[in-house]
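In the two complexes below, chain A is the common chain; its partner is chain B in one and chain C in the other.
Now for the complex of A and B:
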């Protein structure tokens, strides 16, 4: 009887440690070569100051950490167990170690990935997600360009600008699409918790000082609405936006840059949540105050349950780890658990404010031209998507896929799913038709990662058999 | 990162490797991948299966197998690997170490 934790970001690491402290045996499965997730990215073997949880993870004899191990499918088995199908070895290599792991309690903590809305030229080399630029800077010390523009919405753009400066890039500007009034309303909408506001205000002041020192302009209500170049980005067009993100006519300007970093928030990596049969709400895993999902024995923590940063993820992880241990009959420290739950409540307010302050507004749909790709894998343009709705009468995400192939490529709609759904809904609205029948269909992916056919044909070994447990 | 599959490269003759996820090893042979490709050299223990594959040596510019399971659409400039790009095939059994 053991707890299996999927994902070793802030949420998964804290879940593993909390469950092990509570007395449970833990297997921590993570697709990255080293623990830390998106937040604690560092050069291989990096010695940057890491928090205590890393030390505990290493020391705790009840935790086995499987790095380079990807959960590609999950199924329920009799007895209330969950069977995970895992491949371990270098990313995407054939012939990796193939195994199944059975979990009596499961903590899902697979995090989130960047969202980017399409605009003409967004598929040119040199256009990066903000997260990718951040990851390359933090873990490889690579700057994605010499002269870089950072744009999108949300406070995440600021650490990205800082990382770019740290690896020697010139940051031509940070463009926040939302209006200051939108952001203020969002941040003030909730009763202020002086505790995290103080911490976050100090962080913000730090960024402001840094941008000023490097003479990096910060422009609210502005966006990159097109990127230009033949083989690579050479320039971009920016525009002032109204509160709905419609470009203000005549406000367009052209800038020469060799890279653009774009971030319009994050999308949770929901595959294991959906595979386990857990209910979702508003595109996130639905959890109670113990991080329990709708399926007994399955807990979710971190950005799967809402976007609120590393502190919220870590606190949720601790709560989930305690709950998973208790599910197996152990008795974790109630004081520690109560403290973590208080932190979760505080940071959830922060997360709600964040979502209200930095919405993605529908005006982005006017940036895309008829021939702008919505689905990059299958090369489906805005025009083809519109045709599927207007001429072929697609009324659901499934029929949309079959009619124009949107979301059917290797990324399985991770990049285009939400954008295609919102565009199709807009086309339907124009025709007075109801929105798509099955908007969540885009997130349903039975396989969480591609598997080579030869590897499918190779019978896996049971982890339990190898471990002799 | 790791979700868009736009950065697929061919590593030691094996296609469909996400460049953003794979850690480089000394001696790796890496090249761009143009659309859908079949493995140039199979990992050792699957050599036989690879030779049997109907598309294993498809002519240049042609779709390896239009009804095949690979959802990626081959680009018009898809081409078979040159022989010099197949060097390093002996290393492609890297998965065996695990």
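Now for the complex of A and C:
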């Protein structure tokens, strides 16, 4: 009887530690070579300024951490257990170790990946997602370009700019698509806890000082609406936006840059949540105040349940770890758990404000031209997507994919799925038709990660058998 | 949603899968006013969950093979006609006459295969037994363990969702109507028990006849219409690889045990390997057969069996990543034959369903046969074996 935690970001690490402290045996499965997730990404072996949880993770005898281990499928097995199918070994290498792990309680903490909306030229080399640029800077100390523009929406653009500066890039500007009024309304919508004010205000002040020191302009209501170049980005067109993100005519400017980092919020990595049969709401895992999903014994924590930053993820992880341990009959420390739940409540307010302050507005749909790619893997253009709706009468997400191939390539719609759904819904609206009838079909991916045919064909060994438990 | 113009139809077709679409196309082509209703989006049921094989190779001599032969002749004619009517872009269904290659890898399977093919040849199928080395010439990456191989040049493939969309577009062009997001709940009948309307969640659709083309859910609709029919789901899964270089796999390549599985009755898992490439470069690896109701959770052992058999057939595919797994529920009947025709228990209620793993291939002949029977033209294939009141379908059901 053990708790299995999937994902070793802030949420998963805290879940593992809390469950183990509560007395449970824990297996922590994570696809990265070292624990930490997105927030604590660092060069191999780097330990600078890591919080205490890393130390505890290492010391805790009841936790086994399986690095480089990807959960690619999950199934329910009799006895209320969940069987995880795991491949361990460097990604893409042949002959990876295949195993199954059975969990009596499961904490899902697979985080999110960042979203980018399409614009002409977004598929040029030199255009990066903000997250990818961040990951390169943090883990390999590599800058994506010499002169870089950071654009999109949300506070995440600021740490990206900081990391780029830290690895020696010139940041030509940080462009926030939303208007200060929108952001302000979002932040004022809910009375934030004074604690956030202090913590976040200090953080923001730090970023403001940093940008000022490096003379990096910060422009609200502005976006990159096109990237130019033949084999690589050479320049971009920016524009002022109205509150719906429609470009203000005449406000276009051209800038020479050799890289652009774009981030329009995050999309949760929901595959394991859907595979476990957990209910979702508004595109996130639905959880109660103990992080329990709709499936008994399955808990979710971190960005899977809403986007709110590393502190919220960590607090949710602690709550989920305690709940998972209790599910197995252990008795975690109630005071610690109550404190973590308080933190969750507070940071959730912050997350709600964040979502309201940095929405993705539909005006982006006007940036794309007819020949702009929606799906890069299958090279599906906006025009082809429109044809599928107007001429082939696509009315559902599943048939849309098969009518124009959007989302059928190697990324399986992770990058383009939401954009394609929103564009199709807009085309349907123009025709007076209701939105796509099965929007969830776009997110259904029974295989959470690719597996080589030969590896799939080989019977796995049970983790329990190897460990002699 | 029902629009005002959609309420007066000669025929209402319930179900906008490939079968409903083919029926609607054939009926509208004979001058009838047709409304197609689906509770979801068109072509989002079983039709979007399978492969697109249009086969004669896998069928034993009998009524299904006759229907398959007729249908195989009709598909390219039908697509040509739709292309003339609508222009090439709307009627491109990725039709590809690539041919099938059935291989045996044991002595026993070799004997079964060559015997099976001899029977098909006598029924007019082009089934060419290949000499030693012939299979390797057609498929260089095939396992050297092949003991016998038969080439079926008539086997073809298309993309079912594109084909269904093209059929439905023809229906609308001819003044018919396609309504999505509207579940049909049953029928209303008038004097003599004749159907006068289809009831839907959004109101009644008056009509002279209704066609039950609800695929694996056809048994539910038949029961709701007061004429229960045994149509059940048989689950199938398919693996999809990442895109591969052209000509990695050139034909549809089957393991000869495919034939056994199609005709088989076993409730347990059966898999038989079918490996084929699609126009986009991915390779499809099908498929399994399981009778587990509408249970749709992932079962990794099924995928593992499919993978193992595919690697046995094409060892070089072992390195290839599997990108996706998908599947659906084949609509099957206890005697493994489709149901095409009017239900004598409920005049005006017609069925076009139960095509199991061959509905894509059998769609045009099904539509045509149904239309011929409805308007009183001589049928192009003998409808007797497909009639709705055969004992296999109504046995044990309330009359």
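Convention: the second predicted complex is superposed on the first by the 469 of 469 C-alpha atoms of A that agree within 3 Å, B and C clash if a C-alpha of one lies under 4 Å from a C-alpha of the other, contacts with A are read in each partner's own complex, and residues count from 1 in each chain.
Going forward, a contact is a pair of C-beta atoms (placed from the backbone, for glycine too) under 8 Å apart; a residue touches a chain by one contact, two chains touch by 3 or more.
Keep in mind the model is a prediction, meaning the values are calculated, not measured.
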Counting only touches as set out at the top, which of chain B and chain C does A:277 meet: first, second, both, neither?
second
Could you tell me if A:129 is touching chain B, chain C, both of them or neither one (first, second, both, neither)?
first
Once chain A of both complexes is superposed, is A:234 in touch with chain B (first), chain C (second), both, or neither?
neither
According to the stated criteria, A:64 is in contact with first (chain B), second (chain C), both, or neither; which is it?
neither
With both complexes overlaid on chain A, does A:94 touch chain B (first), chain C (second), both or neither?
both
Identify the partner contact of A:379: answer first if only chain B is touched, second if only chain C is, both if each is, neither if none is.
first
Return first, second, both or neither, reflecting whether A:170 touches chain B, chain C, both chains, or no partner chain.
neither
On the A-aligned overlay, A:403 touches which partner chain: chain B = first, chain C = second, or both, or neither?
second
For A:390 in the superposed arrangement: first (chain B), second (chain C), both or neither?
neither
Identify the overlap between the chain B-contacting and the chain C-contacting residues of chain A.
94, 378, 408-410, 450, 452-454
Could you list, by residue number, the parts of chain B that touch chain A in their complex?
1-6, 8, 11, 14, 16-18, 20-23, 25, 39, 42-43, 45-46, 49, 69, 71-73, 92-98
In the complex with chain B, residue positions of chain A that touch it:
31, 33, 44, 68, 88-97, 113, 129, 131-132, 135, 269, 376-379, 408-411, 414-415, 450, 452-454
Which residues of chain C touch chain A in the complex?
1, 40-44, 48, 89-90, 159-162, 165, 168-169, 172, 178, 180-181, 239, 241-243, 280, 282, 285, 297-300, 303-304, 307-308, 310-311, 317-326
Touch list for chain A against partner chain C, complex:
73-76, 83, 85, 94, 275, 277, 378, 387, 391-396, 398-399, 402-403, 405, 408-410, 412, 434, 436-438, 441, 445-447, 450-454, 456-457, 459
